[in-house]
Structures are given as C-alpha cells and as structure tokens.
Amino acid sequence: MAGFLFPKTPEGRSSLIPPPPWHYSGEMLTVEYRTDPDRISGLLPEGASLAAEDPGAVALIWADWQSCGDDLSELVDPVRSQYKECFVVVRCEWDGRTWSRSPHIWVDKDFALVRGYHQGYPKKLGEIWMTRPVAVGRAGPRLEAGGMFGATLSVTGRRIAEARVTLIRPAETPGFVNGHPMLHNRQWPAIESDGDMSMDELVTMSGYDSEIADVWSADADVELFPAPTEEVANLVPEEIIAGYYHRVGTSWRRGTTLRSN
Amino acid sequence: MAGFLFPKTPEGRSSLIPPPPWHYSGEMLTVEYRTDPDRISGLLPEGASLAAEDPGAVALIWADWQSCGDDLSELVDPVRSQYKECFVVVRCEWDGRTWSRSPHIWVDKDFALVRGYHQGYPKKLGEIWMTRPVAVGRAGPRLEAGGMFGATLSVTGRRIAEARVTLIRPAETPGFVNGHPMLHNRQWPAIESDGDMSMDELVTMSGYDSEIADVWSADADVELFPAPTEEVANLVPEEIIAGYYHRVGTSWRRGTTLRSN
Amino acid sequence: MAGFLFPKTPEGRSSLIPPPPWHYSGEMLTVEYRTDPDRISGLLPEGASLAAEDPGAVALIWADWQSCGDDLSELVDPVRSQYKECFVVVRCEWDGRTWSRSPHIWVDKDFALVRGYHQGYPKKLGEIWMTRPVAVGRAGPRLEAGGMFGATLSVTGRRIAEARVTLIRPAETPGFVNGHPMLHNRQWPAIESDGDMSMDELVTMSGYDSEIADVWSADADVELFPAPTEEVANLVPEEIIAGYYHRVGTSWRRGTTLRSN
Amino acid sequence: MAGFLFPKTPEGRSSLIPPPPWHYSGEMLTVEYRTDPDRISGLLPEGASLAAEDPGAVALIWADWQSCGDDLSELVDPVRSQYKECFVVVRCEWDGRTWSRSPHIWVDKDFALVRGYHQGYPKKLGEIWMTRPVAVGRAGPRLEAGGMFGATLSVTGRRIAEARVTLIRPAETPGFVNGHPMLHNRQWPAIESDGDMSMDELVTMSGYDSEIADVWSADADVELFPAPTEEVANLVPEEIIAGYYHRVGTSWRRGTTLRSN
C-alpha cells in the first residue's frame, strides 16, 4: 500500500498529505508580549527550563498560507493549498540550547492539522481571520506606517483571541520568540488507553530555504478570552513587546528525533 | 428603528449591512469566452437584446475581497470584511446602450449576499477558492509570465466551475465583458405568492473611484459542471477569448432605478 | 425567465427557493423569559404597542429543521433540506389584535435566509447547535424527566446566546409567545440609497397543517452575550418563564400584506 | 502536563479529546454492495487476505452522531458533541479470524478525526449529510415502509458519494460487513521522513454496551465519483446487497495491540 500517511491505498493518492518536501508561502501577523514566566513553565517538555533571557516572552502569530507538496499540484486547486493558522510560541532551554516551542495552535484544514502532527505541533481546528494589505482601494491597509491590521481566532464558536497591529516602520526581523529550532513532543497513547504510550518522542525541526520580505514593526494589542476547552488565556499578556507584519516563504523536508521513550 | 437594512433596531448596529458608501479592495481572476448567443438570450431582462458585437461573450470572474462601510470598522475584524465571490457576466443592449449583467453569482458571506440583493445581483452562497500570487517561497505564482492560478466554485458540495489562468504579459485592461454599467433586476414576489410582485425594478449601477493595478493577460481554460440547482453549465464554453489577473479597488454609493413596474 | 425567485433563468431550476408551498419538519427548544418591556418597544413596527398581558415576555427558540418544496426533492439531497435556526419572538398589539414578531433570527443556509426575507424575517447567518434526544446509548438525553439539552448561537465567531433546558413533564403547548400570527416588515431601500424605500410592507403570515408532538415543559436558563453587530443582548433576561422541547411539522403557502407604503 | 492527548497543559482541559470511555448515540444509513474482490485486496493490512465468504462485500455507511467523554459535558455544548461521518467497511481474514476494516472514512469535526486516529481509522475531513426521519410534518420520511433517505459525501468541494435508501421492513440486524472487530493500522512516519516509522501497529477494537434500535432493511442505490485525492470510487459497486437504517448507541474504552513493528 502506498502513501506517505494514511489512508494507505494502491495508488497512494488518498494520503492526507504528500511526502515532504512541503512548501509554504504566506503572510504573518505577530504580537510578542510578556506573561508571568510561571505560566510558561507548565507548557515545557520534561527536562526543559525557562529561557534564560526574557523567560516570559510569548509570540501569538497569525498566518495566511498557501502550501503544497513537491509537485506543486495543490496550487491550482486552492481549496487544497490555502489555510489559515494561529499559534502560540514560547522559548525554553534544553540540553544547553535555546528552543522555540508551540504549545497551542489552530488551523482550518485537515491537511494542515495532520502535517502539524507529523512535526509535533498540537493542532486543533479553529476559525482564523487576519486582515490583508491591499494595493488599491480603501478596503485595507497599505504596507506603510499607520496601516492597521486585525486578527481573530474562534474555537467551537467562541472568540478566543484578538489582536490589532498598526505598522510603524520597516524592520529587519519579525521578532525573536519564533526564531529558534522547534522543540516539540510527538506522543500517541497506546490503543490500550491505560497510560502507556505507543509513540513518545522529543523532536526538533526547522524549515529550509526560508525567505522573508516586507517586514514591518508595529504597535500591537492582544486580548485572550477563556473557553471550556482552551487554556491559552492563562498566558495573560502583561506587557506588549512588539508587533510585526511580514511575508514568508519556507520549505520543510525533515526533522530530527532527539529522544524516544 | 434604525439601520440601513434589517434587522432594524434601536441602535441600528444590527443591520446586516451599513449604509453606503461601501468600499472594496481585492484581486480578480477573469476568464472570457464565447458561448452560443442563444444561451445568453434567455438570461436578459425583458426588452433587452443580445449585444451587437460579440453577442456570445461571457466573463466568468473570481474575486477575493475585503470590503467595509464608510467607517472602515470591518477591516480590523476581518471575518466581517473578507469574502470570496464567483460570478458570470454577459452583455446586452437596452434603450440604445450596451450594458453588463450578472445572471449567476455566488459569495461566501451573508453581508455580501444581501449587499448584492440591494444592487440587483442574484446571489447565492457557494464555496469559492482562487490562487493568490506570492512574493517569496515556492507555494504560489509570481505576477510574472508563466504564473499559474486556479479557481474553483462549489455549490451544495458539488464542484460547479473550475478555471486555470496562466499569465502571459502585462495588459491595459482586464477584459471587456464586465466593463459596462450593470443592468439588473430587483424583484421580490408579494408575500401572497400568487405571481404579483412587491418590487419589480430594472436598475443600473456602477462603482466610483475605481482603480486597477497589476493587470496581466493570460492563457485560460474553464470547465463547467451540472448540478440540480444550477444552470451555469448551460453557458457552454465554445472558445476562450482571454484570461486576466488584476487587482481592483472600488467604492459604491448608489444606483439608479431605470424602470419600476 | 422562470423561477419563483432570482436567479431567474430559462429552466427555473436556479431559483434560490422553489415556489410555495414549503414544508417543514423539525425539533424546537424554547426558552421563554421576561425582560423590561421598554427593551421590546423599540423592536415593534410603527403603530404597534406592547402586548397588554405580560408585555415583557420573550421567546428564544432554537430549531433543527428539514424543509422542502412541494415536490419534496430536497429531502433526498439533505444539504438542501437541513438547516438550523435560532430566533427571538416578542408580542405586540396592532389593529386591535395580538401578534407575534421576530426581531432577530439566524439560520445557517442561504435558502432559509431568503425564504425568510420573503416572509419578513430579518435573517442573518449564524452558527447554531442544539442537543438532540436519543433512543439508545449514553450520548444524549431521552425525552423523559431530567433530560438535559443545550443550545448555542455564534455569529462572526462570537458566542451570542446559550441556553440549557431540562425536561420536567409532558405539556400541552410549547409556550405562548410564538403562538400568534406573525407581524413582520418587508422592507428594501431603493437602490438610490437615499432613504426612499422600494418595498415597505407590513405583512402577516402563519403556517398551515401544523402538528406538534412530544411537547415537554422544562426548567431553562439562558445567557446572552454582546457583539459589535448584534443587539439581542439588550433583551436582558430578568425572569425565566419556562422552557420547552417539542417536535413540529408545518407548511407555508402564503402571507397577507396588511399595509404597503 | 495533563491531558489524554495533545495539547498537554497544566489543567488538561485543552486536550483534543478526553480520556476514554467515549460514548456515542446516533443514526446510521448503510448500503452494502459487492465489488470486484481484487479492488479490496489492495486495502488490507500485510498478511491479511480476502474474506472467505462474499469477499467483495463493501459497506458504505453514513452516521449522524452525538458523542462525549465520561462526564457527558459535551452534550449540553453540542458543537462539541455532534458530528457526521461517512465510512467504508470491508472484511478480511487474518490470524484465522474474520475482521472488519475501514480503509476510507470522513468526519466533520476535529475531535472525531483525532479520536479516530487513536483507534486506527484513517480519517479525513469531509462534508457529510444524511436525511433524518421525522415524526410530524411532510419534510422527512417516517420509519415505515417506503420512507426515503438520501446521504451525500463531499471532499474539497467535490461530491464523492451519494446514496438513496428506501425502507422495506423491520430487520434484525443492519448488515454483516461492519459486524466484526476492526482490524486497523496505527502508523506514523518518523519525523526524519525517510521511510522509517515511529509507530507501526496492527490493532483491534470494538465498542461495548452497544444497543441498536429501529433497524429497517431497505432498497438502496449508491454512486461514487472520482476526485484527485480520493480512491473510494475504485470500489466500483457491481451489485447492491441491501440497505439499512438503524439507531445505535455504543461506548468505547480501549483496543488491543495485535502486532507492533
């Protein structure tokens, strides 16, 4: 049976995702802020500790993506390439290095959900919206000082997060929280459902051939709202660090298993 | 009770749409083709005739929009400003002039649906996707010769229309079929539902302050598929005229009632 | 051109809705409560006054429907027959009679939206959920004392209303607020958008061949939440009257125009 | 960190799914038919062979579910309990026994998707609709001879499968294809994405405390349509065996790992 992932079939066309490499092009809105570092500690993998510098830093990032496998076939059937994403990134120390880590993340397509599971992202479905810059007309910001963007996340019909970002000036980089290799868990319980794990890995991964463009720093504001099935609101924003808009292209081929239990 | 449209309420905040002017910024993919003119005749208002020149010309257009009222408040709550649209445009002669007319149109938000009813567009809900150009990364076309775009329309879970557009060269204008003032009907049957009409108007409308940018001509292909509740497939493509990509900004303030029965 | 409503086409198959009669079968959860009558006054048509008895009574109703035209064809293509609905009903006096009236209503399909416009319901799209009773298994209430139901409404990704209903005992009728002929406005502004109306009617309508079954009275609770585009939360619940579950079947053929300006 | 599945968090409320047991109540429409057995061979796990009796039998099943964890909390927030499902079941022989196996399955909520991954179901998202029986009114079938039901599946905006089921008479059981313990693979590639597997299990599972009610046999018809990412249409229906409607309740606590590579 063929296919990178299930469903495995004779032709392999049914696989939820094609084999890597996967390619991504999109836009991101980022809000970096500080929370009480104790609120981050409980989200780190076993053996990891808070980042030495600015341990309470959090990035809340919205992304509007096109993505595809290596034959690019999804690009002309955009229902299979476009998706939106909202994710939290924190940092930690482990094995003498600093890592980024995404403890909460939502997307709006199944291929993005499951591609994330392969990479260790704990993805859920959500309803995600973010303002796009425009070149003509009045219905959108320009990529210029004062350009205003909004971004929202809803889960199970409840508004969970909102951000506003107002561009200030071109910048070199879109923040520092999401800038390290990712440190993720890949964990599946055994079907016996008794506490044993069938897969319990600590992994790392990064993109390659990453390019950024049109990076702007921004004033930013963020609000988080509680919900029965979500704990992102526990990462209470105490101080905004900065906001950013940028375009990004990246590809992904493989990660590395750091530890397997 | 306040509000431009229903629901009318004390504060007027509930109205499905704010009062005009309405502002729009977006991207369009256009495929112009020829069908048998007889297939267009049956879609024209009473008293109108086929266009004198190129009477079988049809434009099938996909658009990815942001829109807002005059206070621009929707732009930072993008669930209320972003929508996608797919529509058919044909031309006709009436009262000694040439008009454009949209006999079939689908959108994916209620505010766009009802704003269309105000303007005489016979809108339905559909699921609409179109490729976006990108600036970095491999997951999307550039605005350059060879850039490939796809666009799709589904209604009630059935694929109704697909187009592919491959950019050739910069162009002056994005086609000729959607270039005239619109000639639309605004009709609501009486609640008695016995054949009498409570509103039966022939109207025209155009945007103002329209700007276009990044216009490209393209090779194009289109396929239409039948469905129990749709007749767009009757506009059988016999010959492709051209394809186009462009960005557009426009505003809308009012139309004109040409005839009221 | 044929079709009960737009799009009008040669075959008439494209019409958003078939000609009446329309048939409906479904389940309803109702919460009746009292608000300050002043909060209702502002939602009544010109010339109407508060109901003489219990003027502050409000019904908030969730419904899970199948519906179809007279050839029943939608029933075997359920994407075209199933929809969910949440609506507010208040009462008023006009012309010496008592009427019901729906000032706020949300559905999740376009055919239901536009069928509502024909009947004078000021419908918007929303995301609507309600618990269903079950006959076997643990995942749902039985139609018996203690059976617990939940119902929710979200608009633009924001939770707007929630209700809980716990069955007490079989009842004769599912409340009194939604029990009169409806008194609705049907209003469309002229395309000139200058304050003149192209259609400005006061109408009434009722179903026929209505049947109810499995009526249960219930304890109930309701919460309303604010949103930028919604005023339903202004109908603050001050005292719960009662809750109800029931099944309902009804048909609709025509209404009556009471006044046309 | 707490939680049965990711995201693991301090409170454990964020887990995509609660710990088992999970409870389900719903309705099913089943069409059993025969295809060329060679079309089934390629969907079986390594070492399994076609069923000895009626090896080409396929069940295509639609289900409309409520489900919940053991505290039943999802039942009053129905956006978290209701989902629809369409799945294919075939049979095979392995280790001297007969098993059922689901090679293709689609659901419309993330919790159902990932619960399926835990059980070895290769789930994707799809748009699923099925007619419901009604007790009053004209808009739906009764559970009686002649009652007509429709069911549809769409993926990426394309109609993939349709069935019609017309009730004949009460029956003892709803078919034989989905009647054995499931034989499923649970497989995740290593993040190195080089062909090695991090989890590669053959598992089995069954529900417990299963109840069925209102079982009806039916005439049935099914159509399968091709799509770029789906191979279900390869299971070409050559002969209808039977159709069924039934209600079902079941619970699930654990499965058994049969083989782990």
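Read from first to last, the chains carry the letters A, B, C and D; within each, the first residue is number 1.
The working rule: a residue touches a chain if its C-beta (ideal position, glycine included) is under 8 Å from a C-beta of that chain, and two chains touch if they have at least 3 such contacts.
If you're wondering where the values come from, they're calculated on a predicted model, not measured in any experiment.
Asker: Identify the chain pair with more contacting C-beta pairs: A-C or A-D.
Answerer: If we tally the contacting C-beta pairs, A-D comes out ahead.
Asker: Centroid of chain A to centroid of chain D, CA atoms only: how many Å?
Answerer: 31
Asker: CA centre of chain A versus CA centre of chain C: separation in Å?
Answerer: Roughly 40 Å, centre to centre.
Asker: Residues of chain C touching 2+ other chains?
Answerer: 77, 79, 127, 129, 152, 157
Asker: Drawing the touching chains as a network, do you get a line, a ring, a star, a complete graph or other?
Answerer: complete
Asker: Once bound in the complex, which stretches of chain D touch chain A?
Answerer: Result: residues 1, 4-11, 13-14, 16, 19-20, 42-43, 73, 77, 79-80, 103-105, 109-110, 113, 117-120, 122, 124-125, 156-157, 185-194, 198-199, 201, 203, 205, 228-231, 234, 253-257, 260 of chain D touch chain A.
Asker: Sort out for me which residues of chain B touch chain D in the complex.
Answerer: Against chain D, chain B makes touches at 127, 129, 152, 154, 157-159.
Asker: Residue numbers of chain B touching chain A in their complex, please.
Answerer: These residues of chain B touch chain A: 23-26, 65-68, 72, 75-79, 81-82, 127, 129-132, 134-141, 148-152, 164, 209, 211-214, 247-251.
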